[in-house]
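Shown next, in structure tokens, is the structure this report addresses.
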Amino acid sequence: MRPLIEVRGLRKDYRRGGAVLHAVDGIDLALMPGEAVGVIGESGAGKSTLARLITRLERPTSGGVFYQDTDVTSLSDRALRRFRREVQPVFQDPLTALNPRWVVRRLITEPLKIYGERDAERRVDEVLRDVGLGKDLMTRHPRDLSGGERQRVAIARALVLRPSMLVLDEPTASVDMATKRTLLALLNRLQSEHGLTCLYISHDIRTIEETCSRTIVMYRGRLAEEGPTTAILSSPSHVYTQILMSSIPRIDSAETRPGRLRARPFSRQHLPDTGCLFAHSCPRVQPECATDPPVVEVTPGHRAACVLAGRASDHSGVTPS
Amino acid sequence: MPGLEIDGLRVSIGGRDVVRAVDLHIAPGSCAGLVGESGSGKSLLALASVGLLPRAARVTAGRIILGGDVTVTADLDRTAKVRGSGIAMIFQSPRTALNPLLRVGHQVGRVLRRNGQHADLTRRCAELLGAVGILEPGKVARLYPHELSGGMCQRVMIAMGIACEPQMLIADEPTTALDVTVQADILDLLDDIRSRTRMGMLLISHDMSVVAERCDSISVMWRGAIVEAGTSRTVIGSPRHPFTAELVRDVAHRPQPKDRPAQRSPAGPADGPPTEARG
Amino acid sequence: MDLTDDGRTRGRPDDAGPAGGPGRSARLRSELKRHPSLVAGGALAAATMIVAVAGHLAPPHNPLAINPGHSLAPPGPGHWFGTDQFGRDVFSRVLYGLGLDVVIGLIVAALAFAVGSMAGLVSGYLGGWIDDIVMRVADLLMSFPSFLLALSIAVVLGNTVRNVIIAVTIAYVPYLLRLTRGSVLAARGADYVLGARAVGASRSRVMTLHILPNVVGPAMVQATLMLGWAILDVSGLSFLGVGIQPPSPELGVQVAQGASYITSGQWWISVFPGAAIILAVLAINFLGDYADDKLRGQGS
């Protein structure tokens, strides 16, 4: 089976003041058809940039994006028309992601108009039912809807052209916790019903856990660890992932929590540019970390860019119940 | 009874009750958790305790007692006097809660000065910033909020909160806007301060797992009223109110491990149709 | 009272009537209550317009008719605003001149709006070297006070109505350009523009459907205010002797012609035209305020 979408050596640099920021710094990623993959990381990891690069809303500085073996890296917006139908983003905040002056009907119909689809009305009805929204919402503006409804409108709009893939950037960040569960259940159902390939980008491990079979951990633009979601959660190999997992508040941990692994405090002036980018803050830093870390295959399908991967004996991970 | 005692407090806005007969007690040195959704009134309860209610809101019944002194009743608001050394509060969005035009050291100094402590300000500010885990506090004191990360801004706000060694600290969603590792560091810092100084703390959050992990007792707030309260263990282990149960479910829910890619056929995970109930 | 995108007002109980009759007057009344600027500006502007149109079409006396026998008559029954040194009826001249100034102002505002917003749109959306050049030209023009710039251009071009219009328009274009460009840049960065591209919208589609509507609002408010300033600038230029010349009854010309008579006691020749200018600009500013209020109220 060939990957549906693939990125190789993807890099994106931004110029900030006099310095260059490597927002995405050499990412290789492949998604198989029907797969749900999560990208997790904290602010500055480069996750949102990766989302924009994969959906080709921005052009990478170097590296390639391949959709079904076609190189879409440098295509113009016009040449990307076919690609755009297939790969749809869902943004974090529907209040800014949807034109506030337009009503729901117009928002969902627009993609159909652009691609000259006939029978638009029937398709819109269909997709609204699919996401569980009533037709009475059609004449309202996004600001008059609840957070969950708004995000469903955004999802409906993304699905209306029957794409093969969704890229969801923090899809539950702007809703409260109860709605989050409902939305994720909806996304799971849509994914399995339509065989969608999904890339979930989030800082919230619970979102990824609920939806993704495979997870990638990003740190400062680079890949720290990649593997099955359960493995990342229960036996993280990269020290950064271990710290991340042990920092997640757990409801069952009050008595049983082991001592938390902590990052070392650091001053922002001295962030390393070469070698392991986490070295400045790593509690287990080794002399070898001054050079680029090897990518260690801990178990088949589970790899980590850390010299200590596979060696660590304690797992400060999270046990799925 | 020492510590903070909230007794039958009622707050209303425009005739409508937004906080309804709330009882809450925080013993010195302990951490009490207050959890609820946005709009449940938890922030207003906090603001009432420090006398910072918006003008439209009024305390209509009940009282708040700090260290044995009555500080808030429907007719009386002596909280202005106890703010700072009696009770302090930190807020959700650290960068917006700090004054963008003043250096952070200066802002910490202002708190000290406002509470009558004018001596040796520079050194004490640097000391306070160091006590909240900021490296090179002397240097950082001269920076402006926009030059600091979210986590550092929150540490500055904590420094301002503990500057006058308050008996009580109210933390309203102190880590919601921060990365998860920073969140853990900040909560550890607050725990640390508590154990060193016997300061009591009220931790307010919408996330039950944060509260469960850090607090000795939990009160659950829903539409202005406390619907359940007890020790963390009992509230989490055997929730009695359906809303509490739901909050626990929101964070404890662990789905089936999704180790296999979804099949194209409709035989996917049985999540059922989406419910409309919560939008 | 917001108009939704497809032209319907948001449902409220008193909109139930099919013809919308009772609903409309109730809404108008509440609108007037909430926006005093609308009342003031609306009333003033309406009065000004009616007077200007009437004065233009049917002035009581011929504004240009010289009547030496009745020169310098103070305001009275036959001549409400008196007569000037040539016996011309000041009232008729003020009405006629008001119409003239308003029309010239409208032309200037419309031209500046058209040129400025078009340039701002293109420059903001395309960016790159086009944007750089356009912005440097705009900066150059804006480095002069607009009145002085208009004055210099008018002097160079010559004293005709057409040249005055051109001069003032050139002075105003950069401001509208900047404003429009700013709105475009802000709209370009919005997530929903990104979203529109993601569903395959072409550049021109994004420009017209997503960016333009956000841009037009502020630009129109600005153009409205510019109408007022244009009247001031045009009459100011005429007062100085540049541009429009006597015997044209333009208000600035009238003020100039009556200036030397103030000290000898015939104040009405200058004061009435001057007051007309003030009232017209005031009315326009009130309306501009109202438009601004609506704009801010409607934004999300």
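Per-chain numbering from 1; labels A, B and C assigned in written order.
Operating definition for what follows: a contact is a pair of C-beta atoms (placed from the backbone, for glycine too) under 8 Å apart; a residue touches a chain by one contact, two chains touch by 3 or more.
Note that the coordinates shown come from a computational prediction; the quantities given were computed from them, not determined experimentally.
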item: Minimum number of chain-to-chain touching steps separating chain B from chain C; value: 2
item: Chain separated most widely from chain A, comparing mean CA positions; value: C
item: Leader among chain pairs (count of C-beta contacts); value: A-B
item: Chain centre separation in whole Å, for chain C relative to chain A (CA means); value: 51
item: Centre-of-Cα separation between chain B and chain A, whole angstrom; value: 30
item: Partner chain C, residues of chain A touching it in the complex; value: 52, 55, 57, 77-78, 81, 84-85, 88-89, 91, 93, 95-103, 106, 110-111, 114-115, 139, 141, 143, 157, 161
item: Chain A contact footprint on chain B (complex, rising order); value: 37-38, 133, 135-136, 149-150, 179-185, 187-188, 206-210, 212-214, 232-233, 236, 246-248, 250-255, 257-264, 266-269, 271-279
item: Touch list for chain A against partner chain B, complex; value: 32-36, 42-43, 131-132, 146-149, 175-183, 185-186, 188-189, 191-193, 195, 203-206, 209-213, 228-230, 243-244, 246-254, 257, 260, 262-263, 265-268, 320-321
item: Of all residues in chain C, those that touch chain A in their complex; value: 4-6, 8, 190-192, 194-203, 205, 210, 213-214, 300
